[in-house]
Each structure stands twice: as C-alpha cells, then as structure tokens.
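Letters A, B, C, D, E and F name the chains as they come in the text, with residue numbers starting at 1 for each one.
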Amino acid sequence: MKKVEAIIRPEKLEEVKHALEEAGFIGMTVTEVKGRGRQKGIEQQWRGRKYRVDLLPKVKIEMVVKDEDVDRVIDIIIEKARTGSIGDGKIFVSTVEEVIRVRTGEKGEKAI
Amino acid sequence: MKKVEAIIRPEKLEEVKHALEEAGFIGMTVTEVKGRGRQKGIEQQWRGRKYRVDLLPKVKIEMVVKDEDVDRVIDIIIEKARTGSIGDGKIFVSTVEEVIRVRTGEKGEKAI
Amino acid sequence: MKKVEAIIRPEKLEEVKHALEEAGFIGMTVTEVKGRGRQKGIEQQWRGRKYRVDLLPKVKIEMVVKDEDVDRVIDIIIEKARTGSIGDGKIFVSTVEEVIRVRTGEKGEKAI
Amino acid sequence: MDWKKILLIIAVVQMCMLGSAFAENWSEEADVKTALTYVWLVLAGALVFLMHAGFAMLESGFTRQKNTVNILMKNIANIAITGLIFWAVGYAIMFDRSNFFLANADSSTYNLWFFQMVFAATAATIVSGAVAERMKFSAFLLYVVWMGAIIYPIYGHWIWGGGFLSSDTSPIVKLLGVYAHDFAGSGVVHAVGGYAALIGAMLVGPRIGKFVKGEPKAIPGHSIPLAALGAFLLAFGWIGFNAGSTLNALDKNLNLVVVNTMLASFAGATTAILITWIKHKKPDVAFTINGLLAGLVSITAPCGSVDPWAAVVIGAIGGLIMYFGYMFNENRLKIDDPVGAIPVHGYAGTWGVLSVGIFSNGVEKLYAANAPGLLYGGINLFVMQVISVVVNIVWTTAMAYIGFKLIDKLVGLRVDKEAEIKGLDVMEHRTQAYPEFISER
Amino acid sequence: MDWKKILLIIAVVQMCMLGSAFAENWSEEADVKTALTYVWLVLAGALVFLMHAGFAMLESGFTRQKNTVNILMKNIANIAITGLIFWAVGYAIMFDRSNFFLANADSSTYNLWFFQMVFAATAATIVSGAVAERMKFSAFLLYVVWMGAIIYPIYGHWIWGGGFLSSDTSPIVKLLGVYAHDFAGSGVVHAVGGYAALIGAMLVGPRIGKFVKGEPKAIPGHSIPLAALGAFLLAFGWIGFNAGSTLNALDKNLNLVVVNTMLASFAGATTAILITWIKHKKPDVAFTINGLLAGLVSITAPCGSVDPWAAVVIGAIGGLIMYFGYMFNENRLKIDDPVGAIPVHGYAGTWGVLSVGIFSNGVEKLYAANAPGLLYGGINLFVMQVISVVVNIVWTTAMAYIGFKLIDKLVGLRVDKEAEIKGLDVMEHRTQAYPEFISER
Amino acid sequence: MDWKKILLIIAVVQMCMLGSAFAENWSEEADVKTALTYVWLVLAGALVFLMHAGFAMLESGFTRQKNTVNILMKNIANIAITGLIFWAVGYAIMFDRSNFFLANADSSTYNLWFFQMVFAATAATIVSGAVAERMKFSAFLLYVVWMGAIIYPIYGHWIWGGGFLSSDTSPIVKLLGVYAHDFAGSGVVHAVGGYAALIGAMLVGPRIGKFVKGEPKAIPGHSIPLAALGAFLLAFGWIGFNAGSTLNALDKNLNLVVVNTMLASFAGATTAILITWIKHKKPDVAFTINGLLAGLVSITAPCGSVDPWAAVVIGAIGGLIMYFGYMFNENRLKIDDPVGAIPVHGYAGTWGVLSVGIFSNGVEKLYAANAPGLLYGGINLFVMQVISVVVNIVWTTAMAYIGFKLIDKLVGLRVDKEAEIKGLDVMEHRTQAYPEFISER
C-alpha cells in the first residue's frame, strides 16, 4: 500500500476532494499546513513596515491507497489542483507497510 | 524503526495518551487534522441553508518506535480508541530509516 | 529521495528556515503540532486548579530532498534548532518513492 | 422628526437665548430645560455612535476571516468620512442652507448636528455588510460620499427637513391633511440604507461560490461571538436612536418609545427563534440576531405612535419579513447579502413605515403621527405612509443605481478574482485579521 | 427600592401630571424634575441593558468553544423572553396588579417598567453560566419563563413592591421598626439568580470530566479576552444598575452610590489578585474577573447606606467570599459551576444584604436603610436583614427546585452524552462559533 | 478645567445646599440644576470608565497572543489600583488636602471624585501598551501606584487644581495675564501618560526580535477585531471625557465640544488612511486606528476654544504627527512601542496643548481658554501653552525615570528571556488567552 501525500492550494481542496470521491476514493486525512516552494510569498505590512510571509497556507491531503490506485489518484489530483502558476504544490508517494482499521482491527488492504 | 501513525477521535486522545504512557511510550507528536472515511459527516446549517461538513475533526498521533514495539503500540491504541462505531480511525505503519535527537545528535534507536 | 521530518521548537523555526534557505533548500512544508518527549510539560492553572499541558506546541518541518542532501539538511537543522535542553526535538528520515510537481507533472528529483 | 417639530425645537431653543441665534452669549449658562435636552441628545447621540462599533462587530462576525480587516476599515472610514461630509454639506442640504461647514451655527445647531450626523453614518454603513467580501475599498469610499452628500440628506429633507412630504405648504400634505411620519427613521435611515444595499449587492454581484448552478450555498461567517456582541451593541445604541428622536428631553412620550423599542426587538428575536426551530429543526443563531435587529428596524418609525401590544405585533411581523425576505432574496432574486442587511434594514424598514399607517393610535403628542391608522379608522395616514414608502424606494434605488454605475466607471466596483479568492485583507490592506504567524507564537 | 420609595416616586410623578394618571395629557411637556428622572432612568436602564452583552461575553469566554453558540443564544433568548414575560405578567405581579400587559400604564409606568425589566432579565441570566455546556436549550427557555413569571417578581414584590418585608403594615416590620433594605438588589436580583443557579447546577449535574474520582479538574474556558470584555461591560452597566436605583435623579445620594460601587469593585478585584497570588503563586485572571464582580454584587445592597471606607471593606470581603465559596463548591459540594456564578451572585449577594445590617451609618436619606447597622449600635436592622436573607434562600432554592424538576419531567434537563461531548453548538444549533471551514480560508 | 473653574463649580454647588458643605441634608432633593450636573457627570464618567475596556481590547489586539492575559490583567489591575490610590491620596493631592480617603466629602465631592478618578486611571493605563510583552506584572503594578499617587496628581494640581500654572496668584499667570489651558487633558492626562510610556519603553528595552541589527521589524498583533472594537469604545468614551469636562451640565459650550471632538477624530482617521495609502500603497488598519485616536488626543485640550474648521485641521495634523512620530521612534530612537502609545498620547497630546495657543478664537465662555491664539493675534496664550508643555515633559520624564529606576532596583523591570519567549501569560499567570487544548474539543 502507498501513502499519497499531496500539498495543494487551499482553494482547490473542495474540487480535488469531490473528484476523488467520484472516483471512489473516499478516505483521506487533511491538514492545514504552511509551505514554501518556488513561490515567493506575499509581502504584508504592519504600520507601514513590510514583512514577507514566505510560508503560505496550503492544505495537505494524505491518502493511503492500494498500489494499483496510486497513478489514478495522482492523475486526479494533478488535474484538479493545477492552475499552471507557481504554488500549485507537490505530491509525494511512499510505502506503507500496514494499515489497521481501529473499529474492527482489520488489517491490510481491506482496512483502507 | 517504524512510524506508527494513528488517526483517532479527538475525545479519545487523552485516554490513548495515558495508556501509552503507562506502557512506557512517552514520545509522540500530535496534530489536529480533518478526515473522512466511511463516516458521513455532519450536516450543519447557516441561516437555514444546509451544508455538509464531510471532513470531521480528528487527531493524528505519530510515534516512532522500535520494530518490536509496533504491535504493542497498535494494540493499545486500538483498545483505547475503539468505540465500535464508524469514525474510529485508522493506523498506518511505515519504515523510518533514521531517527536523530536534536539535543544530543544521538542517532538510531537510542534517539527514540 | 528522502523525507526529512523534523519536530522542533516553534521559536526556532525562523532560524532553521533561514539557514536551510541559505544552503539552497527552499521547499518545505510546515505544520503546527503538539508533542511530548522527555520534556515534562508545563503546569498551568485555572481558578487555582492546576493542570498539566503535557503536549507542548512544536513545529514540524517536512522536506523531501535528494538522498545525498539528507546529511547536510540534518546538520543544519541540528545546528540551528539545538538549545541543549530537553524539548529540542527529533528528526525522522524515511524513503519517498516518487515526487510529482502538480504544476508541470514533472516527476522524480527534478520535481523536488 | 418632521418639519413642524424641527421648527418648534429651534424656536424653543432660540427663545432660551439672549439676542439672536448667531450672537449667543456663550458665557451664560443655558436655561435648565434646554440644558437637559442638550445633555440628553449628546448622550443619546453617543449611544448611536456606539452602534458603529455594533455594525463593525456584526459585519465582521458574519463574514469570512479573510475579509475582516476590510470590513473593519470600511466601518471606521464610513463614520469618519460621512462625518466630514455631513459637516461640509450634508447637514446644510438636509436642514438649513446657511449651515454649510457649520457656518452660522450656535449651540443648538451643534447639538442637532451631532445627533443627526450619527444617523447619517448609520444609513451609509448599512451597505457595507451587503457588499462585503468583494467590493473594492475605494469604490466603497466613493459610495459613502455619494450617500452622505446626496441620497440621504435629500430624502431626509423631504421627511424631516420640511420637504414635500412633511411641509404644511406641500400640496400632498394639504390634500391628505396628514404628514408622512417616520419617527426615528425606519424609512429615512434604514430603508434608505437597505435599498442602497440592494442595488449595491445586485450590481457588484454575488461572491464566488455563493451560487453554484443557481443554487445558493451557505458561506458561514467566521465568529459568532463578534456578531452577537455587535447585536447587543446595536440594541443598546437603538435606545438612544429612538428615544433621542423626540429631540426634546421633556417629551414624556420618550418612555413609551423605549418600551416599544424593547418589546419589538424581543418579539423579533423570539419570532426568529421559533420560525427557524420549526423550519430548520434547530434554532438558528444568525437569524435570531437578524430577527432582533429586524424588530428594532420595524419599530423605529411607529415607536412613538403605537401601544405596547402593537409594538409586539410589529416586531414579530418584522422578524417574519426578515426571514422570508432573506430567503426570497437568495432563492428568487439570487442576491448575495452576507450579513442580511437588505431584509433587516430594507424590507423591515418599509414595514415599519407602513405599520404607522396601520397601528397609530392617534393620541395627540408633542411629536407622533397624530392621526389614526387603519385599525383606528384612519385612511389618510396610511395613504401618506404608502406614498412616502414609494418615494423612498424609487429615490433610493434610482440614486444608488446612478451612484454605483458612476463609481464602476471611475474605479470599478469589484476586486479581481484573485483578490476575492485570497481575501481582501491581504490584497487591499496587506494584512490579516489575526496576523500572528506560526513562528511568532 | 422599597415600598415607601415606590409610593413616593409614584406620588411625585403623579403630582407632576395634570388630571389622573391614566388620562395624562401627552401633548404637554413633562415637568423638568420629572423629565430629568425619566431621562436618567432611561439611560441608567440602557446601561443595565448592556450588562446582557457583558454576561454573554463573560460566559462564552469562560466556557469551551464547542458550546459558545449555545451560550450566546441563551443570553439573547433570555433578555427577549424575560422582557415579554415581564410585560405580560412579571411587572404586574411585582408592582401593580392593574398593569398586566402594561394595561393602564402612563408615562411613569413605562419608565419604571423599562428599568425594572432589565433587572428581571439580569436575575434570570445568572443561571445561564452555571448550567452551561450541558443543559438543554429548551429546558433553559422554560426556566427563564419560570424565573421571570414567578420566582423573581414574587420575591421582588416582598422587598420592593410593598410585600411583607417592606410594608408599613407588615407585622414583622412593625415589630422591628425597620424595613428590609436591599438598595439595588444584592438579594432581589443577584442572590435570587445565584441560588437558582446553585439548584440548577446541582440538578443538571457536573460536566463530563469535571470530577474524576471525586477530584475536581480544571476545564478552562476558551477566550479570556471575551471574558475580560464581559467584565468591563458588566462594571460599566453596574453604574446604571446601582445609581439608577435611587429612582430619582434629584436624590443627591446617587453620587455616594457611584463612589461606593466603584470602590467595592476595585477592592474585590485587588483582593482576588492578592489571594490567588499568595495561594497559587500567580495572580489568576479568572478569579480576578470574578473578584471584580463579587465586589460589585456585594455593594449592590449597601451602596446607598455606607461610607466609602466601608465599601472598600465590603468589596474586599466579597472577593474573599467569592474565592473561598468557589473552592468550597468544587471541593466539598462537588458542584460544577463553569463561570463561578454561584459564589459571585449567590454568596456575595447574601453577604451584601447582611453587610447593610453591619455597616449602615444610619444617616437619613431619601432612600437608604435609614437605620444604623451593628457597627453603629443598631441591632434591629441586622436582624431584619438576616430574616430577608433566610427568606431569599428558602424561597429561591425551593422554587428553583420545583421549577427544574418540572422541566426535567417535561423536556429533560440535560443533553445526551453524545451532544455534550460533541458540543451543544453542533447538536443543538447545527453551527459552530467559529464556523469557518478549512477550505473556506 | 482650571483653578478658576473648580472654584466656581464648588461655589455653585455649595450655594445649592443648605448649611455648610460638610453637614448637608441628605434627605432633601438636590436643586434641579445641581442634579442635572450630577447625573451628567455620572454618565459622562461612566463613558470614560468604559474607555478602560477600550484600552484593554486595543492593547490585546495589537500585541501577540502569548501575552494577552497579561495585558488584560494589567488593565483590570490598573483601574482597580488607581481607583484605590486616588481614593486614598491622589484626589486629595490634586484638589483638596482635606479629602484624603474622601474624608469630609459631600455629594459634590463624590461626584467630582468619580469623574476625576476615571481620568487618573486613563493616564496610568497608557503606559501599559508601550511596555507590553516584556515588563513584569509586579513592576507594572508598582508603576501604577507611583503614577496615581505622585506623577499624575501633582501635575494635575498645577493645571486643574490651582497650582502655579493656573492660579490667579501665580507670578507667571500674573506676568502673562492668561492661564495655561488644557480643557480635558491633552496634556494632563494623555501627554503625562505618553511621556511616562516613552521612559518606560526606553528603560525596559525593545522586545526580542523587534530590532535586528538595528533594523526595526514588524511584530503584528494578534487580533484586529479586538483592536477595532477598542478604538470604537475609546471614541465613545471620549464623548464623555471631553463634553463632561465642562463640569457643568448647563454650559452650552458642551455641544461645540462634542462637535469638535468628533470632527478631529474623523480628520485624524482620514489622514491616516490617506498617508498610509500614499506611502505604503495600501490603507493600513493599525495606523487608521491610531490616527482616529491621535485626532481625539489632539482635540482634547482645544475642543472648547476653537471653531469646527480648526478642529478638522488640528485632528488632521494630529494624525500626521502620530504617523511620523511613530516612524521616528522606531527608525531613529529605536524605541519599541507595540501599540503606538507614545506618538498617539505623548506627541499628539503635546500638539493638542500647543494648538490651543494657535487656534483659540478667544470667545468668552464659562470655561475655555478665554484668550486669543496666534491666529487671532494673541501671543501670551501661546507662550503660556509652551511653558505648560515644557513643564509637562520635564516633570513627567523625570518622575517616570526616577520611578522606573526605583522599581527596577526593587523587583526588576523586565521578565527573563525564557518568559518573554514563552509568553507572559504562561510564565506570569500560568494560563493562556485561548486556553482550550486540542484534546478538550
């Protein structure tokens, strides 16, 4: 099983979530994060003094999925989260060795 | 070493935390997250207009533990976090290659 | 590629971030977390009644970097985040199999 | 306040002074009756001033966090700019052409100016909530000038300044034998604000995401405690708003005014609790707050002319009008009004003006409708109130339309899409409402 | 306010009117003295009205976020419903049986009704904080009706309306030669609210997690800024609460009342800072706020009858009583009172009533105890105050017990466990206090 | 208020009483004029009391979350302790040596004490914001005592209590033929607070991270809604602050005072919007709030002596002085003033006192400068105002320096580094402003 971790624009969450749902991927965990990549950050001011907020609000979606679903999930996320400008985000894929459903104690792919 | 990532009900945190502590597992990192699984979400309203909050508040516990401790940790979490109804959460296990304690620079299992 | 996950003191974030930037590591994702390790927690009171907040606010930095950069990143974090007292934090390293840039769809190391 | 009233007040005050109004002897004490009225109107006006804190809190509570600084700035700028405009031209247009920039003013003019200025600013600020989260800050400031210099004082003049709806010499007044009556401004202040809000909200269009394929979506505000605080501050200020509007501390009618004001607001809130409990299974907090305010708006015109039981009825109906008006706006007109300003101030305001023509008990008072409403066998008062409502709506919508169209040409009404998505706070003011950054903690 | 006083006020006001009270000529100006009192009581009543914003903020600040909308709804509903109940029946029961639904009211009745109505709502709202985070909204609304229609006006009648504790013809008054004195309501308003809160909190039981194996646990509130704002608004309103209670703007005693009110609140806050600094090593903010309020509650009965130095002493003791009373409630009685309403309003209220019998300096005034307390050699006044305290506690606890038991039968007092854990906001009102969802930012 | 004025007031009030001041008959009603003034000053004083809620909200909004409980505690403790000190010694030092602990007080003394006490607490609280986030709580409390017992009442005595700047027998007054005029305290209250804040902020040093290699950095506050609410509450209270300062409800000048107060605040806010829009491309909310307040501070001295147009000019210049003063403090003096107290209260306060000498129109009034300013051909008044400004700055900075140095010796001014980083809330009060913990939800 793989964990797909996608860091996307907060305003895209709703769309991505919806598209994943349509495709049958319901389970996910979402976290508010702040991130920095190539995007430069916004300049703000306080009493006329400038300061750069170089960590911008992003949303992290974590989904654990079966190995064979990874590509579809990635495609969906890219399709919906892309705007084409800097700051669209990143997706990381890694291996998860075990998944357990707390309610039932089931393990492995059926627990996803 | 393994990372055990458990997504549980917020109101169960105190109990789970306590039980892990009793069993000698002190170190952990906790994050407020929002999640969606089989559970359907709560319908809310605003000026009589309904909207579904389908991402519900959860708490994510991350613990890095020795390989041999994984099962005990999982058992404790399941025991304490289970209510038997939908929304109890998930546990993910994955491999961590290295752990470093920032204070001392120690590495590996002694750093856990 | 590796994911370096560092849990540090919130007040150290600025310095660590800056040092990583200087060394050319720009991309990162930051999350507010609460953690517990050897550090004991702060005792607080409410109407004279004591209560221990044993999960203390920390900041989690996640960076996905090339394998050869892991050590440098760790060194920088340790150097900047260390105060020498309990509560300095931990760093976890794990393997990431794939990285995708949402904007362009690029994959692998060039997407970092 | 109508023309007759204003004249009477001015006459009384002038009689209390030695010599002519504009050469008054400042080193003498005021007559005790005059002094009592002065002190009363200063305090009542101060309460109305605090309503602007109420609007600021209510509107920021009812909108999203990313636009909170913008809402607060609009509320501060509104009172500041309306105040200056009302000093420069508004007051003179509304009451006395010799008082531009408060020239030729004596103590009583100063007293009245303060009390009227905080009212003018109330009319202007109502729009702020309806166009929130998408109108440009500069466009809003230009609207404030337009409202304070033109829309408000001219309509106000017709009702309160001796214009054609309230002057003894006006043909329509002669014909019907009654004055249009709007005690403290259900029409002059609230409906003017409310219909300007309607036009503003229509022209600026709904927020992104409010209507998805024509379906209205909920976009909750960010802080109910702020909204509730705002509502309490508004109700507190309303005591000054209504009771002060006798413009005479010796008018015993002010006690009835206070009682009616309270009862109508209670009835409005209670009605909103009940209707939402029935219709949506749970008592809804945002509508409860709006219901309280709708009760207050409704009673603002009739509060000096009706019995307490009627105040309860008027307030309850005001609550219903607010609720169904809000639904109608969203479902049918597809208007996006984040704080509910249009049904609360516009529709309930119109209801308030009409209710005078229905419930006025016709008892002779220093300052009241002084003619019976429909329930007491009178027709003419009701007809006059209908006329004033029509004039109110036509004038306000037309002038607001012209104003907003002009402003659109000049600077554009709406922020661009990026600014709306990211929030006006960051894009228009480069700051955030809760600007503490993670690393700062 | 006692019977004698009310009669005097009514007489004065009636004398100022031509003809009978119920056929007063509304088109004439009021006598200047009457007008001054009218204006004063409207403004003082407005200040008391704002105390409801204070309660709303204090209570939401001192409780958890998940129950904030519920607390705010309770505060809005309380003033609305108590207001309507007091209009329908409460006022008539308390003062004059001919005034149900404000029938037969003249201007002075309206004036007094407003001032008394905001007091009634204060007594009712005190319970809200003590039963917070677990009582059903519907149960609370029923309690509000019970309080406003029965508990409060009947006890109020005994002390302020010419009942057996204050009437010249009452045997007990004849026997002791003094009236029970409760200037602005340490007993009538605060202790009644406080002991009803005691019964309510006992019957509804502690919140889940408050007592673990009998050990009280801290459950901090969610916003100290809201709580502090609430405290300031309450103290501000209290100036009207106490000084307005002369019911006569020409009573020079009102200046002493204000001074005593301020000094006692300062002494209460300072005492709380000191005692928590000593006992818990750090000055505690929640207790400091409660101390300020306990000082205010304590001085509410004696403020017109004692010297400033005594106000300082009374306020300081009030602060101590609050602190030790709170600890006693939690440690011994195992009562869960999230905001500290019972020690602040109940215990300090009783102390306030008793302190009249100790510190009253016996100086003759228009409206004061007018008899010396223990320190000035008087015994009878003290005895009378003890009697009024006993009556107060017995009546309130008994009637509150009956009321809450009835309500429990009718709709149930407490939300179910799931609702309590998830929060009343989502379960009872389907919304959240800070409803902005992550994706909305 | 100057010496002449105080005498006049006292004489008037005494004439209204039978027998000597200290044996007044409390069971008689006050004369209606006296009663009107009493009621007016109680209400005006209540408004000023609410300014302390305003300061509490403004200061907590403009500082970081981790120090919010500390700021709120400072504001509550300040009013409580200053009130007690002003009762014990402050009032007696400032006005009448026979009134320590309010001994020998009659009703008029009580009335004046209340109004003056809330002013004294205002002067003291200004420092709170400037030394926020780093000064020890105990050190702040000691400063409050020092301010309320020494710095404020002695300078106040010189200007308002018959001291050498306002007494007929003073050589300097004889020489110039005019009194130093400070209507409601641009100098006495605000500049005293502002320069004490300057010394406090200098001695306690900047917050960690404010200056990095000498470069000032932005440290945003944590809640703009709280700050905006604070600003509105302050402006509301200011109406009582200024208009109440005639100390006579029959002084018709109070209407002009209100108008000028409003106009100057509007001009201050508008100027701040414009200057930040020009200089920083976006209208800045924190400066707008400070601009509003700077306008109010500036007009506090001249509001009874200048025409409305002059109020607009004075307020606008006040806004500019605030802006440039703030920049100067940070860029040149390297002073860290989290809320902008020094430019708002200190610099704009000094400007206010000077502006009397420039814009006073010389019209004879019950209580005004009563001499022409520079623009009307007068020189002496301006000279006198310059002298009073110099005395104000020298006295305040010297005494504040001595006070803070003493306190530093006694308990230390500043918290340790750990406490500053972790926040004063946890370290000094063991609690947090929003103490709800993750698992509590």
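The rule we apply is simple: a residue touches a chain if its C-beta (ideal position, glycine included) is under 8 Å from a C-beta of that chain, and two chains touch if they have at least 3 such contacts.
Just so it is clear, the structure is predicted and the values come from calculations on it, not from any experiment.
Engineer: Tell me the fewest steps from subunit C to subunit F, where a step is a jump to a chain it touches.
Structural biologist: Between subunit C and subunit F, the shortest chain-hopping route counts 1.
Engineer: Residue numbers at the subunit D-subunit F interface: does the shared fraction exceed half, giving same, or fall under half, giving different?
Structural biologist: Answer different: the two copies use largely distinct residue numbers here.
Engineer: Given the two chain pairs A-B and D-E, which is bridged by the higher number of C-beta pairs in contact?
Structural biologist: When the contacts at A-B and D-E are counted, D-E has more.
Engineer: Using the average of all C-alpha atoms in each chain as its centre, how far is it in Å between subunit B and subunit C?
Structural biologist: Roughly 18 Å separates the two chain centres.
Engineer: Hey, how far is the Cα centre of subunit B from the one of subunit D, in Å?
Structural biologist: 52
Engineer: Quick check on subunit B: which residues sit in contact with 2+ other chains?
Structural biologist: 11, 17, 30-32, 34, 44-46, 55, 94-95
Engineer: Please output the residue numbers of subunit E that touch at least 2 other chains, ranges allowed.
Structural biologist: Residues 32, 36, 39, 43, 219-221, 223, 229, 280, 282, 284, 286, 430-432, 435, 437-438, 441 of subunit E touch two or more partner chains.
Engineer: Contact residues on subunit A for subunit C in the complex?
Structural biologist: For subunit A paired with subunit C, touching residues are 2, 6-8, 31-38, 54-55, 58, 60, 74, 77-78, 81-95.
Engineer: Spell out the part of subunit E that touches subunit D in their complex, as residue ranges.
Structural biologist: Subunit E reaches subunit D through residues 24, 26-30, 32, 34-36, 38-39, 42-43, 45-46, 49-50, 52-53, 56-57, 60, 68-69, 72-73, 75-77, 79-81, 83-84, 87, 101-102, 105, 107-108, 110-111, 113-114, 117, 137, 223, 226, 229, 428-437, 440-441.
Engineer: Could you pull out which subunit C residues touch subunit A in their complex?
Structural biologist: The touching residues are 3, 17, 26-31, 64, 94-103, 105, 111.
Engineer: Sort out for me which residues of subunit C touch subunit E in the complex.
Structural biologist: Answer in residue numbers: 44-51.
Engineer: Provide the residue numbers of subunit F that touch subunit D in the complex, in ascending order.
Structural biologist: Result: residues 32-33, 36, 39-40, 43, 47, 64-66, 219-225, 228-229, 231-233, 235-236, 239-240, 243, 248-256, 258-259, 262-263, 265-267, 269-270, 273, 280-286, 288-289, 292, 308-309, 312, 363-366, 368 of subunit F touch subunit D.
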